[in-house]
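Structures given as structure tokens follow.
Heads up, the next two complexes both have chain A, just with different partners, chain B and then chain C.
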Partner chain A sequence: MTTNIITTNKLCKTFSTGGVQQHVLRNLDLQIQKDDFTVIMGASGSGKSTLLYALSGMDSPTLGEITFNEEMISKKSSDELAVFRRRNCGFVFQQIYLCDNMSLMDNVMASGLLVSKSRKGVASKAEELFDQVGLSTQDWRKFPAQLSGGEAQRGAVVRALINSPSILFADEPTGALNSAMGLAVLDLLTEAHQRGQSVVMVTHDITSALRGSRILYLKDGVICGECVLGTYEGADDKRKETLRAFLAEMGW
Partner chain B sequence: MNNLLSIVKANLQKGKGQAVTLLVFVLISALLMNLGLLLMIGFGNFFEEHSEALNAPHLALLEEKRVFDQAHIDYLKNYPGVTDVEHEQTIAFMADFLYGEGKMPAFFFLVNASKTRTMNDLTLIEGTRPQATNDVCLPYLFKAGGYSIGDDFVMTVGDRVLTYTITGFTDEILFGSINNQTYQLYVTDAGFKSALDRMPEFDCMLIKARFDDPAISQRVRLDCINEFYYKTSVEGFETLYTSSMEWVGVKSVRTLMSSITSLVLVIFSALIILVSLLVIRFRIRNTIEESMTNIGALKAVGYTGRQLLWATVLQFCAIALVGIVIGIAVSYALLPVVSDVLEQQTSLQWIQGFDPLLSTLAFFGILFVVFIVSWATARRIQKLHPLVALRQGLSTHSFERNHFPLEKTRGPLSLLLAAKSAFQAKGQMVMITIIVTVVSFMAVAGLAVYDNLGLNSRNFAFLLAGEIPDAAFMVRTPEDAERIMRDIKKDNNVRKAFYNQDVYVMTNNVQVRNVTAEDFGLFEGAMLYEGQYPRHSNEICVSGALAAMQDLAIGDSVRISLGGNSADFLIVGLIQSVNNYGFSTATTIEGLQRVQASFRPQQMFVYLEDTENTAALVDRISKTYDASLESAINMDELMVAQLSMYGNIFFLVAVVLLVVTALVILLVLYLMMRTVILRRRRELGIKKALGFTTLQLMNQLALYFVPAIFFGVALGGVLGALGFNPLFVAVSGNMGIMSASMPTPVIMTVIACLTLVVISYAFALLIALRIRRISAYTLVTE
Partner chain C sequence: MRIRYYALALGAALIVGICGVMFLLPAPQYRIDLAQINDITSTLSEHFDSLHSEEYLLPKSSYDYAVIDAEGHLLRATTSGLCEDIYSALKHGDIIVDITREEKIIGKVLFANELEGQLQAYQLALQVGAIIVLVLLAAVAAAFLMIINRQILRPFQNMRGLAGRIAAGELETPLAMDKRNIFGAFTESFDLMREELRRSKENEQAAERSKRELVATLSHDIQTPVSSIKAVAELMEVCADKAQVEKLKTIQSKASQIQTLVTELFQTTLEELDKLNVEPIPVPSSQITQIIKTADYQSLAALSEFPGCLVRADPSRLAQVIDNLIANSYKYAATEIQVSGEFEEEGLSITLRDFGPGVLEEELPRLAIKYFRGASAEGKNGYGLGFFIAHHLIERMGGRLECQNAHPGFAVKIWLKLDS
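Let's look at the complex of A and B:
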């Protein structure tokens, strides 16, 4: 039996620009299941990223409720949400967003020390994770500007995982990488999921979407379709065909 | 050119807040610089011009009527360089009167207002000429002392009380300064006759002279004293010592406060300019960093490095130009306020119009340094390759060293992150430290000025006056002096009493004030700063200023002349004094008698066990020996009255220094924080996304600056504490001060420094509140 990690109830998000209101998310009722690799797809401007950041507590909804493990997060203050994020969420961004005035290790430590008091414990876990993602000691001592995009994004994955978050949010994690680097990052996310990590990923890339166990299609702020692919064990033809068919149905 | 201007305009619009901050810095610099220059040069010129406008005498000699001789007038008329001589009858007497917060003794010349005189005739600043018998016109300084038209003016001359009604305040050059304590009062013809009937013993003659060059006034005065007094030894010329006035000396004391204040302002403005230049340099460097992509894009579309360089220089010079113009305008608006404060000491109604020369000097001086610094800093734009600029200048970034690696360094996370940032911006931190050190030094110096010159001004008074007893008595004859001295010494309240009298002598054609004392071992002031006081009749101390001018040192001999006689002395010590331009000597009474055998001291310095009893002693001696006394002065009371005036001025100076210091630190902080928040916007957003709270980030930002501020304040505080005394001596050396004991008030300094740090931290937190507005979502969606 699957349990929900995130539940939304009539989730709405409206932006107001120059007096013009834009309803990006409209009365969304959604459940994100624990241990799932949920992929959110949709056309540009469909509200994918807005949904991701609302679910992760990075932004507050205009209306509606978001419940995380039965805890209502939609009414939390900015600082309460910060504490929520540090304890429960990991983030991987398209633009990587490492602090460029800190070494890769410091980027990870700064995140880890927000939750743990054990400097040694955090450092040791960071080294272990760096090792897992294929970054050497020399690499993690470097500053982001001294790393390639792929190395930096792998470092960002380590930062996202350092606090063993309940859920990992990834917003177009391969968007700024070449295909080889992108695949390496996707492998990391897949491995994390296979180890039992819940993942929510926004993408418009089919190759990335194939890694998901569940695909949600967003159109004009509404979930208009869902496709269950099951746990990823390789991009076989059946999986590809199922996804293509689903996306075709969605008008992709 | 239009393209350049449009870039300048766009840049100015983009950074309005920072442009305004810079403008404030330049404005303060220009304001202080223009005020300082106007005071330093404008006020000095004003005194001379005003003196000429009033046709003020350059010398005024007072003789008792019974010893007045037409030959003295003739002597003066025939003196080389003398252009005009006139004399008139006056009633001259020492009297006590109320001034400010206390009772003060002073010398008064009562003159007949109905007579006309060519030199500095009755000129009203306010009110009307005296009409009734008891009407009087007082020098303008009395207005600062709390008097108004219609008030009673009461003088106590021994047992006699003279009460007049004030009808006007006059413009006086020689007889209108609180430091000289010699005032000319105008009464009606009937009032004059009435006063003469009541005080016939004070019937005197006032001789006034003007010269081609007022600079000779001191020499003429001394020559007159020698000619009329020492050569004849006629009793009755003592008043010549105490009441004769010369222009150079009066100018010196009446412009003293403006000199000190202008010096403080000019030094202060120079420091603020330094701070402004550092800030401008910082801003330009940051503008280049922030506009890197724009620079790249503009270069890519064909703008030359030179064009972009001039656009930047033009931008900062435009800000400076506006700041300077406003600063100079504000300085002129503030001038009446400064003039009012100075008026308490100078007694001159200084009305300064626009001075094109000085203001042009301030304008172009500041603009020039701003231009140079802007140009030197912005030259980097010329060298920047467009591709490098388009890549955000990445090739120029350098993170060679990772300070405080988090996996190894212990400590609170916010503190460590702040420290990392601070170490990565060493240049900025050094700049903040320098700025804060400079302004903290100024603040501590301001406190020291207030404490030593305003609050506990006895040390300063000793420097100005040399030696200050609790009471001083000047008697008419040496015989009276001995008799009164015996009586004083019998008084149980008296701790000590000795003869001490200033006598003007000559050495190598320079007029020198000789401190002639019975026993220098009894002195309590800080007059001696090297060697020892004279103990034998052939020993002398010379002032540092005199030693420097005549190349004298301890062990040398010097010849002293008086009344046609002279004697050689061995220099045994160096003394300091601001009197007589710092030209002083000190000998024992026996020493001076080697020059002038007939000399016998007539002035006594008296020190009491308890200064509460000073007034009673002065009162008793005055009543007992009224006829024998020339003057009896309660110095404690006089000090309170005179120093309260300095206290007010220096309190204002200290407040201005402290306020400007706080303002500068806060402006620098504001500018830095704004820049840092703008530049680290992305980093702050990332941290927010990762789970840092707003307070944690605010603390990181505030803590980022605190070490530099703390270090700067501590350094400035220590430098101020250690450096104020030597700086004071260096600055006041030309006044004759060679050594001073002006301790910095430790507790006040520590409190001020801690307050600066706390205020800075609080202010930094306040500015950092802006980051509340940067949401993590905004960051990732931008």
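Let's look at the complex of A and C:
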């Protein structure tokens, strides 16, 4: 069970603005295991989101290698990366990014049909997923503007899972939601993980981080600590205490 | 000269102050107003009988006075607290006037002596005036001192500071010159002196530098013929008789002595190597390949791709080192240079390998020693410093420089720490 889905080798990302080079990720060596719920934490500006974008192939690294299931993605062109992403990655963002002129179902179908040719197959998969996230038939016929933030985010999770991605990336998925809605979305991610879905989530929220089975702490573009919490089975005191102690040690 | 005006102003203020005091406070002069006294006396004489009753109002006067009868009893007084009998009135210096009616003294008026009160008031006014004038004078004097300080003392202090700085060898800071400085030309010439000193010091340093360069070049030129002398002496020793061997040994030992001296001379010119500034920053490996390409002006280097990473290095110093290594390879091998990079124990090691003759195995450990030149350096320019400096610079970046024979060829490995 310890096969690596993503491996990075001296991953570096440098942004140059006006001749000033900013090294956001510096020589990052990282393994993300299959069936893991990896949480990336760190102060703002530590490179969390940059790392997530590099890992998911949304952005290519300046230097270094990223291997995804034995496939080197760091050398791919942006077109190849787009194909790669739609087959392998699901994304949940802080902003929901659903198309406003399509119903929730159409949003999900649009994603699904990029990969699969079978409209029927995609539709039945979508219905199954909607059922899992607790959205009724009425809900998925609605347009994004008619949905609450939490419902829309759940819809976004369905869209992320429609192609059965080998890995799900979440960038602060609860950032724009109130705590009850946030918990519902976290529960969805946890359930997906329990069904065997690999998840990588960036967050700076301790409640969200508790769901992770493995916490990585990023500081100045370098992973400076790692904490293994094990599969989530409720936020018991021991888990909270372990995470708190880890974050305190990291200077959270 | 502005200061003269200040002095005049001070003097004027003094005179005005003193005159003011003198004019404003004339000494009190005591003049007895006889007409008034006589007037009052005659009025009182007329109304003497009605004095007993309180209804009668005593005639008004600028004097305070008391009226007593012939027996010395007080009848009336304009105010209380006056002398009420003749003796005390005499003692006090009051004016005593008889009130007569038909040639008979019926009473006396005692006019209070006001001189004392006036004197006291005068004294008080004098004191206050004196204090005001003194305070004014002190203020003017303080202002004057301040001006003197600003105009005279401070420029002098500045100059003293400049002199101190010059003595300490700091010649860059110019003398701060105030426009209103009354010693303008004087301070300016002071500053000119500093400027001149600075220039001559710079010249001196330039001369020093060129002297060092001369020493470096000369010592090389001296070493070569001295080595020849030594070699020839050794050759001659083989076919020489005993007496000559003794002399040839002297020649050899003296030649060695000259070599040591020259080397020592050369050494002092290199003492300043530590002063080079080395500042390691995160450098992408792609930049290093760029540096190598720039240094390889003869296009002999064959670069294989470096693994991407960030290393800690000072790019300009690293360029200096790589320039040096590539130039060495051009000089001693003039073959293709294979350049490769790989990860090695938390660092990136860059190997530059040529296919030349390499160096003698026993010379390898000595390559990084100052002035060491291997056997293959025979007949080539150089001072045996390239490796020494390269070694020094790479170590200052926290890396290592190693060299070895590659059979065939010679390989130099630069190991640089990963940035983290």
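Just so we're on the same page, the second predicted complex is superposed on the first by the 251 of 252 C-alpha atoms of A that agree within 3 Å, B and C clash if a C-alpha of one lies under 4 Å from a C-alpha of the other, contacts with A are read in each partner's own complex, and residues count from 1 in each chain.
By our rule, a residue touches a chain if its C-beta (ideal position, glycine included) is under 8 Å from a C-beta of that chain, and two chains touch if they have at least 3 such contacts.
Please read these numbers as outputs of a predicted model, since none were measured by experiment.
Aligning the two structures on chain A places chain B and chain C next to each other without any clash.
With both structures placed on the common chain, the touch criterion links A:Asp205 to neither chain B nor chain C. Of the two partner chains, chain B is the only one that A:Ala123 touches; chain C does not reach it. Of the two partner chains placed around the shared chain by superposition, chain C is the only one that A:Asn27 touches, whereas chain B remains out of contact.
Rounded to the nearest 10, the angle made at the CA centre of chain A by the CA centres of chain B and chain C in the overlaid structures is 90 degrees. When the two structures are aligned on the shared chain, A:Asp187 is found in touch with neither chain B nor chain C.
A count of residues in chain A touched by chain B and by chain C gives the higher number to B. Superposition on chain A places chain B within reach of chain C only down to 21 Å, the least C-alpha distance between them.
Interface of chain C with chain A (complex): residues 282, 284-286, 307-310, 343, 418-420. Across the complex, chain B is touched by residues 49, 53, 58-59, 78-79, 82-87, 89, 91, 93, 95, 97-103, 105-106, 109-111, 113-115, 119, 122-123, 126, 141, 143, 145-146, 159, 171 of chain A. Interface residues of chain A, counted against chain C in their complex, comprise 9-10, 12, 14, 23, 26-27, 61-65, 222.
Residues 394, 397, 399, 402, 405-408, 410, 413, 417, 420-421, 424, 680, 682-683, 685-695, 772, 775-777, 779-781 of chain B are the ones that touch chain A when the two sit in their complex.
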